[in-house]
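Can you read through this structure? Questions will come right after.
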């Protein structure tokens, strides 16, 4: 969602933002090195790799030899990034000296597990989970100093966490208490799941945690969609997930639910519920679009235009009523008094409503004084 | 007919299928010839595999052994496998797994060697056609896996000479790869060039390279063959040497730039024959000039 | 007394009725009609656990494919047979009134055009040495859209430019026209006509039977893909000339039927005339050579090929030399067709209910996909008769339709399917 | 030899001042024809050159008009024809042509029995092509629109290297344009007409039939009686056509309403009408002869016996109601089936519509004539019918009873597929600088067992000791990277600054144009050259030699360009010219070799051409 996009570009920006010393300190940690490597743009990755065993400075020019005409911009970006992260160090003779960011032994990770996702996702509804995650982590880290923690340590711990195999149980007592403390918070965020054993206890990283190290491209978060919305506002969700059905209920009327199919309709009422809960039309639409079933995802728009438009319209409908403080006058002595009053009000552009039969007026509050003044004069 | 879903979920997420030439003669031979030994080779390749996986969490590596008598899958980074209780301090999991499977494979390969006599001794070539076919099947499966899949490419680490009997099969594989837009990179580690791979890379738009300094193999791999397809559109990689697409005739085996093709079996002859030596069909129209004339008439030649 | 009234009335009544019917049509919402036409509910399916899922098109597709493969192989497996590798194919598209029917969405015409494009591409992919020409039928006459040529794009461009349909259809006129052209082509070429026929009748100037005989005598193999219903005259035509007649049930089916004509057909003994064809194998021009290519009339640096006979420069192969008309190919182009000479045998179904089915391989030899269903039951699979390796259905299709190698056989030193008879 | 005609756009003017009439001037050896663009215009010249005594023309100059004035022989009749041309170049073409023609004519007049010229004239006739003016105009249009084409045309046709015919023969596509160049296809008779009922507005008693020329013609072909009647009444002028058709329609109407009694009644009253109402007796006469023609699969009447036809809603009968079967009205009854049969028969006879034959009378007469002809060759058709009916008999068989009639397929046996490898791979390797043969067996003293043993030992070593670290030592790494980079940059340089910008554009405009023009002319010539082989006629022989000479002097011109261009472009130019020269050389070589072959052959073969 917009505000998130703006702030939390990605984790590595923060790493890059760290002072040199802290950064260099981070690089002593294998995990950080790998995380950094992964966060790089494709070209940069390649450069790092190909300079891995080069210990002498390499001239920038010789690097450019490899770049095609239309690749130059990307090339620049990559190099800048590398220098920014102090992976490359510029040396006087305008070359870049690579440092070794990667010890040659790093483990292979395992695929992630369904239920953990769900567990994690329960904390995160409509918005792009990673986006929110970064949003929060960023806050968490930036005010870590206030809590008297070293952001560098924190970062390194987070990254380390991100390289733990998802769904593997790790013993808690391997951790120092700062980390323990952090871990509790993370548990609330759904990054890890704590498990109490008889005497020992473990923590289990979820997918969110392992995603930490990935830079914030939609790609990393994107998964197969499951929702089909049709021009008649009906909505079919091919999903077994409780979570999904819950999310849908937020803004759609779920009509019936088969083992792996949720059928609902987007109605004015259902949407008003959503709006009342502070969910915006944009969020709903983008949710529908992000999770469009592959079949419909091919099409553009993946969600029928008439539906998206209607959703927006209904939202604006809410803001249609405008409130004007006013005064209500009745029990006029005579017809002509009443008409005089109403004319007066009309002339001064304060008349909001009149009922000449029952002789009633509603006049803008600003005019109340004048009205009173006028009426007194009539007497 | 496989049409490739172009939608990819990240620019550089790649699937690299590595075809590893495990022809024992190759290594024993080179062991005598050059200083580059099998262990070194393994070291280079393994750390290459590792770095590929390292580059992107979603990257995927599959290793297929190209044996003398058989081909088989050696390693698949996506395959679920129970975590080993302890990881040997000496090397990461990936390495040990690959090595173990490789050992097993060699065993079975040798056994099948025995089973069908000294076939291999006769033909020193490893079964490239087999491993290529396997790789392509695997890649098709990845394509089927849905709209979101890593972008696949094949890397042949080949040292054995080409096996003539595989020609048709290899060409078929190459064309199928081309059709599904899977580039075949070739890194020739043998003593001589491979015409198979040269064509493969040229036709599928991959890179063909025969590293002059084998002890720098990793450098070649990381500099050129590690480049994901996305980046290849911005980078310049070694151009394929202009492939000579002329043919040589069946009759004298000499290269020709004009010749006669049998319309039935497409065999090539440098001069006109009465009868096709390959498929034995007798050519109805004795005079090729007449045939040529026919085509001439087909061309909008001036009628007079 | 006047009878005319009744007549008139009757007619009027009919008129009204018709209109009412139309109204019914219109009453449907667009989205409703979409369902009514596509009958999408038919493609709903429950798996054993009662879960709803879109129909397993895979299994169906495979089934169809098997049927096709068998029908082909019945002839081909027994003894290896010649294929028409060098084809001269006229694609005739019926753009008569009938093609504007909308039972195919958006219309027969549009769908036909779309799939003909796909077909043309596939055709040249499979028959690099062959030629195609396009013919359309409108207003009872056939018109030549493109002449025989080897470049897919030019055909497609012409076709897309000439959409729109009207008038009657005339099979005879089309056949006459084609016959006129195909009679001139060299004898070794395989003369074929592929007709996409929408109409249910043909409005001919004369006796079509004679035309059919004419085609038969000049060895033109006519095939028809019908879009509406089977028509006697079409079947007769195909029978007489050794072609095939199929009628498409829906768009997907039509696509399949079309693509069946992409691989070269088995050569009919009495039709096949073998001959030597003069061809040139141009060399790639060395880098740095500058020359004006005869196809685009612009200076090209390096690249391109030089015609060995007249030294003209052409940009890509295969092609016919602009200047001297020599057929120019590269050896890979020939190689592309080799798999037609060495087809791989179809795989056999493996019934999962074998006595010792638990011993069956657990994964597809080709792609490693598990062949075990839930509950550890062996899943659907096929086996290669030569190497006895097991494959999943997807690989089966891929292997036979694109790869043309059996990975199992290729992964064995012995039993090369390729070598010899 | 000279080109046989000149076609130019020009304005014909009465006087020099006169703005003149735009049109097309076609000059042949005998005469010149001027056809104005505006068809209304009265100016239409068709003048024999013999009437022309001499010609004048205006001086070339920017502000001057390009005029050509053909002055008539005063003793035939004075006056002159003035033509203005758009360009002087056009004018000169015509002027030269006129000059030639006049020269020739004078020569003829002076010495009518001059054998040389006669022979030349005869030679002239050989390839004189007759072309319609429309064709002409099309060509002119093309020339005007396409400057390059014009250049070529001027250079070769006017330059007498190619004849008009040859020049255009290679451009059939251009000429064809949209209209397809196949013999005009005929449209079949629509069966729709039978179904079409009368149109009736429900209110009045009016019933309207619509008769188009097609329908009328179809009526004639399908209803000989009507045709006959038409000839008798209308053509002979006994009855105005309109009446005739009204009667016809009335009859039709009665038929359609199946009102046999009414029909009978009306027929009694009106003998012309009767003709339409009664069963077509000409048909009945023909029937015996015709029935042979009728495709049994199409004989609808045949299965009228089958009772399902009489089931309600069967639909073949025009209306559901049962046929009244009083025999005396039989002849006034006509079933749809008869119509259908008749229609089928006509279609099979291959009588197609050729619309635009103008008024019905001519149509009718034409048809009558064709009928006569038909009767004449009736007998000759006998056997044709014979085999047709045989074929029909075969078709009539029930599908399922027929034997599956798929053709035997041609078997294929291929000895050794390795052949294919050898044919394609050996030289592919050569280019890679491999001197060794493709499949050099790896020289290995070891047995397979040993070999495998070694390998496995290696692996176990690695497992124990781990990998060599660092995998690559920095020096090698640097060397390799440097090497690769080097290789790349060199390749880049080789490709030139950027391949997008064409070499041509860098050249000075004049040179570029010149080169392109030469290139085009070479293409043109070469096309003609190669397409003339194999040489089978004297004509081709001459043509080829003509072409060869033309190419020869372009060759020299090209050389000239190479010299002329200033030094800094010389390289590119020579690069560009090189391929053209090669192409020409190839042609020359071919020419010579062929010539030798022929001269060799002429020994045994008298005519000398194969």
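The letters A, B, C and D name the chains in turn, as written, and every chain counts its residues from 1.
Note that contacts are C-beta pairs under 8 Å (C-beta built on N, C-alpha and C of every residue); 3 or more make two chains touch, one makes a residue touch a chain.
What you see is a predicted model, and the numbers here were worked out from it, not measured in a lab.
*Asks:* Go through B-C and A-D and name the pair with more C-beta contacts between its chains.
*Replies:* Between the two chain pairs, B-C has more contacting C-beta pairs.
*Asks:* Find the most central chain, measuring centrality by the gap between its CA centroid and the centroid of all protein CA atoms shown.
*Replies:* C
*Asks:* Rounded to the nearest whole Å, what is the centre-to-centre distance of chain C and chain D, using the mean of the C-alpha atoms as each centre?
*Replies:* Comparing mean C-alpha positions, chain D is 27 Å from chain C.
*Asks:* Taking each chain's centre as its mean C-alpha position, how far apart are chain A and chain D in Å?
*Replies:* Spacing between the chain centres: roughly 66 Å.
*Asks:* From the C-alpha centre of chain A to that of chain C, how far is it in Å?
*Replies:* Roughly 49 Å, centre to centre.
*Asks:* Identify all positions of chain D at which a residue touches two or more other chains, and write them in rising order.
*Replies:* Within chain D, residues 410, 412-417, 420, 423-424, 467, 471-472, 477, 481, 488, 492, 531 contact more than one other chain.
*Asks:* By residue number and range, which residues of chain A touch two or more other chains?
*Replies:* Correct list: 50, 52-53, 65-66, 104.
*Asks:* Among the residues of chain B, pick out those that touch two or more other chains and give their numbers.
*Replies:* Where chain B meets two or more other chains at a single residue, that happens at 47, 68, 91, 113, 120, 165, 168, 199, 218-219, 223, 236, 242-244, 246-247, 264-265, 268, 279, 292, 296, 299.
*Asks:* Name, in rising order, each residue of chain A that touches chain D in their complex.
*Replies:* Going through chain A, the ones touching chain D are 50-56, 58, 62, 65-66, 69, 104.
*Asks:* Taking the touch rule as given, give the residues of chain C at its contact with chain B in the complex, in rising order.
*Replies:* The contact residues of chain C facing chain B are 82, 85-86, 122, 125, 129, 148, 184-189, 259, 267, 272-284, 286-287, 308-309, 317, 320, 325-327, 330-332, 334-339, 341-342, 364-369, 394-395, 398-399, 401-407, 410-414, 416, 418-419.
*Asks:* Which stretch or stretches of chain D touch chain B in the complex?
*Replies:* 127, 165-166, 169-170, 172-173, 410, 412-434, 436, 438-444, 446, 448-452, 454-456, 458-463, 465-468, 471-472, 476-477, 479-481, 483-484, 487-488, 491-492, 528, 531-534, 537, 539-540, 610
*Asks:* Under the definition above, what is the set of chain B residues touching chain A in their complex?
*Replies:* Residues in contact with chain A: 9-13, 47, 50-51, 53-58, 77-78, 80-81, 83, 87, 91-94, 146-148, 218-219, 222-223, 226-228, 230-231, 233-236.
*Asks:* What residues on chain B touch chain D, complex-wise?
*Replies:* Within the complex, chain B contacts chain D at residues 22-29, 31, 37-40, 42-44, 46-47, 68, 90-91, 95-96, 99, 102-103, 106-107, 109-110, 113, 118, 120-121, 124-125, 160-165, 167-168, 191-193, 195-196, 198-199, 211-213, 215-220, 223-224, 236, 238-239, 241-244, 246-250, 253, 255, 264-265, 267-268, 277-280, 289, 292-293, 296, 299-304.
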